[in-house]
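Multiple structures are listed underneath, in structure tokens.
Two complexes are shown next, each including chain A; its partner changes from chain B in the first to chain C in the second.
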Partner chain A sequence: MEINLLLLFMIFAAIVAVEIEDLLSSVIAMGAVGLGLSLAFLILKAPDLAITQLVVEILCLIILIRATINKDLPLVKDGRWLFNTTATLTFVGLFLIFAYFALKDLPQFGAPIMRVAKDYIASGLEKTGAANLVASVVLDFRVYDTLGEATVLFTAAIGVLAVIRKVGRINANKKNE
Partner chain B sequence: MPIKKMNREKESNNKGMTLIVKTITRLTVGLILLYGIYLVLHGHISPGGGFAGGVIIALSFIHLMLAFGKDFAFKKLSETKTHILESIGALLFLTIALLGLSGGYFFLNFLSRGEPFKLFSAGTIPLCNIAISIKVAAGLFAIFVALVLFKGLREE
Partner chain C sequence: MSEYILCLGLFSIGLYCVLRKRNIIKIIIGLGIIEYAVNLFLILIAYRTHGRAPILDKAQDTLNIVDPLPQALVLTSIVIGLAVTALIVAIAIRIFEKYNTFDITKIRRLRG
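Let's turn to the complex of A and B:
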């Protein structure tokens, strides 16, 4: 029941974020979507995910506000609305057709397939000694995924630092001299 | 003498936000940092973990930078230091993984498991949490600093 209300709230906030004129209000509406997602994780009893979602949402909100405030970004509104609307409707229709066939075979909501996870839940505590089962899965059973995630974040930070630097380090040194 | 002091206060006020924000920040920023460290160290016992704790640690430094201006924040954690810390975090994580090779395979949990629900338990999991938190905190702070400085460059 609560989860349906939250989903409706998130869909409403997402539509507001897309349709509103003011850029700052749009960013705030995005934050509302993230907060709703965090509450949804809490209701579905995943506190680890809820903490991470809330914290990352706050960081994204700060960065987006710093990036969008005081900046007059042009809003593209002209032309080609016929093509755009047709393309959107076509892809929404295709998605619905494939979803009708694909979603029938998925397990019921709240009743996942527990083939491998059954073993993790049964033997996680004695095999790793970690009381938090999420930590034992993320940092012991599936630690290769965590290594990949860490690599992705490292590469992303280096990429941001390389792309956003307007003046190269050599030129900046020359300018100071 | 008072005029000089007033001038200096004015200069320092120009860099950040108002006095109200600065006072509240001085009271809260330590608690935020402490909560991040708590989440990291207790990641294997209670909800939390390296990623969430690292983001909260980065947020405490971002809080400082927003309230007091970039010079004050760089005095606590300079840009070069963030780059070094990020690399150290990544290398620490890989080192823990490679040390597992001494017992047989990559990422082996080679330390003793200890007693569950104690702080010193679960082998290498807390160490991995600490390494990830250092990496995440330094990396996200470096991204934020890059965006802020980029904006400043353009304004000039």
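Let's turn to the complex of A and C:
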């Protein structure tokens, strides 16, 4: 199965991204994971998601490279190495135990339940007029969800501008006086 | 079922990165990997074997279509992930300007 191979490639790239010393190489390896995810969406029959993931991944890489460029500092190795590693592996193991119990109740791979989506598929075309069902769900059936997404997006943009700004407004006024 | 397990493995790598690494950029990368794993997991649940993309066509029947609802919700989630990453990176850049380091144990003012 090609999806298994692609997932193995993504896991390999993720291990490289986590373990490599150089920060810029780490960011590039994370880009490999994201672009592999875009291909995986294409294999899993989700073309809209593949396009969006491609664009978002490239923007994400640009932002992260802006953060890391010219700031390549050596990683620190000292500190409580044994305690940190043990605690981390304990938490990951705990997560995997819970995931093992949850995995048994999931639907079998390749056989979705589709209790809600049945109505969308049956009446999507006549109610919304869109042949693409993902577009009809995003822009018509669940349009409040999209409105919330736009709100979060613009709030985050305002947050970025407020954090990144060099001089606060009060200080700027004082300098002018 | 092996797809679910590999996806969980990807999530675990991201979790390990977030919990273990001390560099802020590495933590951001770990968060990104976790986000990818969760998005992929939702799409894996929606997949139907030998299914086709959720685009209606008069020539074909709608029985073997994949689930369009998780795809629409993940579309929202991907864009929100970009916004979250941009906000975290902005905060990380400010921290670097103030403390001149990415190491979270060296950022003194944040200690309790």
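Structural remarks
FYI, the second predicted complex is superposed on the first by the 165 of 177 C-alpha atoms of A that agree within 3 Å, B and C clash if a C-alpha of one lies under 4 Å from a C-alpha of the other, contacts with A are read in each partner's own complex, and residues count from 1 in each chain.
Keep this in mind: contacts are C-beta pairs under 8 Å (C-beta built on N, C-alpha and C of every residue); 3 or more make two chains touch, one makes a residue touch a chain.
It should be emphasised that the depicted structure is a prediction, and the values quoted were computed from it without experimental measurement.
Because the two structures share chain A, they can be overlaid on it, and in that overlay chain B and chain C fit beside each other without clashing.
In the superposition on chain A, A:103 makes contact with chain C only, not with chain B. Of the two partner chains placed around the shared chain by superposition, neither chain B nor chain C is touched by A:5. Applying the stated contact rule after C-alpha superposition, one finds that A:129 touches chain B and leaves chain C untouched. Once chain A of one complex is fitted onto chain A of the other, the partner contacts of A:144 are limited to chain B, with no touch recorded for chain C. When the two complexes are overlaid on their common chain A, residue A:117 makes contact with chain C while staying clear of chain B. In the superposition on chain A, A:94 contacts neither chain B nor chain C.
Counted by residues of chain A touched, the larger count belongs to C, out of chain B and chain C. Within the superposed three-chain model, A:60 lies in touch with chain C and out of touch with chain B [touch as defined at top]. The least CA distance from chain B to chain C in the superposed model is 7 Å. On chain A, the surface touched by chain B in one complex and the surface touched by chain C in the other have residues 47-48, 52, 56, 59, 63, 66-67, 125, 131-132, 134, 138, 146, 153, 156-157, 160, 164 in common. Those residues of chain A that touch chain B in the complex are listed here as 47-48, 51-52, 55-56, 58-59, 62-63, 66-67, 125, 128-132, 134-136, 138-140, 143-144, 146-147, 150-151, 153-154, 156-157, 160-161, 164-167.
Listed in rising order, the residues of chain A touching chain C in the complex are 1, 3-4, 7-8, 10-11, 14-15, 17-18, 23, 26-27, 30, 33-34, 37, 40-41, 44-49, 52-53, 56, 59-60, 63-64, 66-68, 71, 73, 75-76, 79, 84-85, 87-89, 91-92, 95-96, 99, 103, 106-112, 114, 116-117, 120-122, 124-125, 131-134, 137-138, 142, 145-146, 148-149, 152-153, 155-157, 159-160, 163-164. The touching residues of chain C, counted against chain A in their complex, run 1-17, 19-23, 25-26, 28-30, 32-33, 36, 39-40, 43-49, 51-57, 62, 65-69, 71-76, 78-87, 89-94, 96, 101-103, 105. Across the complex, chain B meets chain A through its residues 39, 43-52, 55-56, 58-59, 62, 66, 86, 90, 93-94, 97, 107, 109, 113-117, 121-125, 128-129, 132, 135-136, 139-140, 142-144, 146-148, 150-151, 153-154.
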